[in-house]
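You will see two complexes here that share subunit A, one where it goes with subunit B and one where it goes with subunit C.
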Partner chain A sequence: MHRTMFPIGPQHPSLKEPIFLKLYVEGTVIEKAEFDLGYAHRGVEEKMENKEIDTTLHAVQRTCGICSQCHSLAFLNAVEPMGQIRIPKRVALQRMVIAELERIHSHMLWSGVMMHEMGLETLFMYYMREREKILDVFDELTGNRVHHSADLIGTMKMNFSEEDIEMISKTFDSMKDKLEDYRRSVEGHDVIRDRCIGKGKITRADAVKYGLVGPVARASGISYDVRVNAPYLGYQFVKVNPVVRTEGDVHARTLVRLDETFESMRIVEEACSKIPKSKVPKYPVKRIFHGQGAGRVEAPRGENFHFVKIDMAKTKRVKIRTPTVANLVMYPKVLQGADITDAPVIVMSMDPCISCMERVAVIKKGKTEVWSSHELFRGKKHD
Partner chain B sequence: MGMTITVIKNMLKKPATIKYPKKKSDISKNYRGRIVVDREKCIGCYLCQIHCPTGAIVVDPKDKKAYVDIGRCIFCSLCAEVCPVKCIHFTNEYEKVSKDKEKLKRQ
Partner chain C sequence: MIKILSKAKRISADRLVSVTGIKEEPFLLYYHFSKNNQLKMKELKIEVPKGESVESLISLYANAEILEAETAEMFGITFEGNPSSGKRLFREEKKCTGQCFQ
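Showing the complex of A and B:
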């Protein structure tokens, strides 16, 4: 039988991310899957060389539009131990509240887009409507809806007042019933069950072998969560119950994310009740001159890792490893043997964030060479 | 039955969106809109220029005062934090659009 290559991407209505998937099909069954990257050129890491540490902190958040606080937390986890800075309880809990709110809005965005992939536009609208309330909370707390820019080395820019905390709990009260209702309909909906159960199955052994992280790993029965295994910030004060399921299919991944939303809401409420009355320290807390270190946090998509090297009070090197890098390698394996109509749902169920993952690497005649931002801007390489 | 209730509820409810040009949304207390430099107070210490992630704020060497290119600003408010005389602040104005790029520079 003739083998056909079926392309998805880099621009495609069912994929919002610049990834080129090559699906080799026989009939409607995918025999082999490959992916191609490099459609989004970014110079984030190069931009952060030889900059002030505070500047880098604000630039590093711009890596991702959905999980910006997680990047700043990973950077701070790497930098703050270098200067022996111990952050006060208030700062730790405030940062944690923003990070958990971000997880809620990221998972709700993903749920909405996932329902859109399955053709359930009404649930997509419902999820987006509820998500808007979380963005309003961000606006009220930090001043920005997407890139919060709330952190500084060793401190924060704002103190959460009593009214802020009250507003958070009020927003949660208005959302909770609706979200539980949507979750019930996702769990019992015939269309969703038909499209999800048994599709894109990842066994526990495969998840361990490929080193998967985040909700994808937790849906395959691996209880791995950086918040539990290596607690940072205020996670020593608030207990996290990781959501783990063993089915490993698309439906399990959907339900893990939906349940994590409720878990994050509980964490935010508990953290808000524990915020002490003291104020955040004044900026600047302490200057850091030398050192290198690594920081990791649990981003909405999984483990986010930063390596930072500081010399003469400037950042010399920042290496960012987003969770999508870990989960992306699973695509060829999980798409193999699936039906072509299931491909968008399986691809989306891993929650890819390709644009955050891409770094600058120009491949020429089989040789890899790295361009600086200046060279990229000029469009040609220096000799 | 459940569907009927949802339909009636949605018909009686107000829309979730706001008709923007006619009605404007509320602005939060921490909102960061247009960036304003008080040049009377500015001492030209270059700290804001050193710290700006995008190079939007630049001190003119002639009169030693800071000027902002709104087109490059990412509203991180780091310049306001590092300023020793606190002469940089953010207003609530969010309609900063201009058809002319040059008008956004040197504000």
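Showing the complex of A and C:
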């Protein structure tokens, strides 16, 4: 039997974003997996060199097409200590509310797409319908649905009013019962259980060895969450209960994300009740001329890291290490030995965000590997 | 080759968080480590003169593979002992040139 290379991507119906997975199969079993990157490069890091800090903050918020606030917070966590800027409680809590709302909408987007991968289109529609309510909340709070642009150095652009907080509470009330119902469906649905339980298993030892982060690590028994282990901003005022499971398979990763949605709702409600009556400081709070620092936050996909160097009030270097990069190294290993029909579900369970990860890869002019249509449809043969 | 394995071992961190390259003269490499889950990370700074290679941390931290590969491909730095160094992110020529930032 020939060892056949089976391509998935870079453009494929089962992928949200472009990544080229090469699966070397024997029969239907994946013997080896490789990935190629570089299909969504925008050169964000290079573009941020020698720019005003405010301009860089604006660009940083647009690194990812799903989660904007986590990049903004990681950047600010690196920059604000350089100027010894003390963040007032209102700003800390408001930033946290947006970050947690973002986690809810990101996990609901992921849940919908995951259900779509398994052929459950009705659940996909249900999750997307509920997610839309969170996007409407963002629209009301910040004026933007996805890229919120709510933060400034040391302050924010808006004060949440009593009406805003009431609107968040009403939105959650209209969602909770439905989300609990969907969760029960996901946990007990025979099709989902057959597709997920025991598939794409990552042991705790592997998760530690490869330095995995976020829900992927927490589904393998690692109780690591930046919000809990190294509280920043409003997480000093609101306790977070990390959701941890030990099974390490696709089902565990699904349930961790679903449970984190409820935990985030609780955090938002508690944070809203603690927002003080004072107003956010006027901008600009303080100018920063020199310094370098690193900041990290818990993004919906895991730990997000930013390194920033500032010289003459301009950003000399911004390095972004997204959670997808941290988990990427596990892909070949988790796919090895799996059935090829499980590959889309396993890949999706890692929640890859290629566009924010690929700010680094380069598409060069010159020699390229060109596949014929025959090779694309049939897969390349390798002896 | 610049040896950094023993320096990294002395930090005895739980996890390698990131590898950052800065195009200065000499070239600067920053390693960030997470230790005891504290918000403040441990930092290791290395100066890399032109033409020098750097010892890979892959034997200590498996996730160093992709983090070093990224730096190798963006800046043309060679990491000795990293099989992916210079061929992980480029999808055309599997060759490290470091043209994009330098």
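The definition used in the following text is that the second predicted complex is superposed on the first by the 359 of 383 C-alpha atoms of A that agree within 3 Å, B and C clash if a C-alpha of one lies under 4 Å from a C-alpha of the other, contacts with A are read in each partner's own complex, and residues count from 1 in each chain.
To be clear about the criterion, contacts are C-beta pairs under 8 Å (C-beta built on N, C-alpha and C of every residue); 3 or more make two chains touch, one makes a residue touch a chain.
Everything numeric in this text was worked out from a predicted model, so none of it was measured.
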Subunit B versus subunit C as contact partner of A:129, first or second or both or neither: first
Touching partner for A:152 - first (subunit B), second (subunit C), both, neither: first
First, second, both or neither for A:305, with subunit B first and subunit C second: second
Which superposed partner A:55 touches (first subunit B, second subunit C, both, neither): first
Which of subunit B and subunit C A:217 touches, first, second, both or neither: neither
Touched partner set for A:46, first subunit B, second subunit C, both or neither: second
More subunit A residues in contact [subunit B versus subunit C]: C
Which superposed partner A:329 touches (first subunit B, second subunit C, both, neither): second
Residues of subunit A that lie at the interface with subunit B and also at the interface with subunit C: none
Residue ranges of subunit C touching subunit A (in the complex, touch as defined): 15-18, 20-22, 30, 32, 37-39, 41, 43, 61-63, 65-67, 70, 73-74, 88-93, 99-101
Subunit A to subunit B touching residues, read off their complex: 51-52, 54-56, 58-59, 62, 129, 132, 139-144, 147, 149, 152, 157-158, 283
In the complex, subunit A residues that touch subunit C: 20, 36-39, 43, 46, 209-211, 224, 226, 229-232, 294, 296, 303, 305, 307, 309, 316-317, 319, 321, 325-326, 328-329, 360-364, 366-369
Residues on subunit B engaged by subunit A in the complex (per definition of touch): 16, 28-32, 50-53, 74-78, 81-82, 90
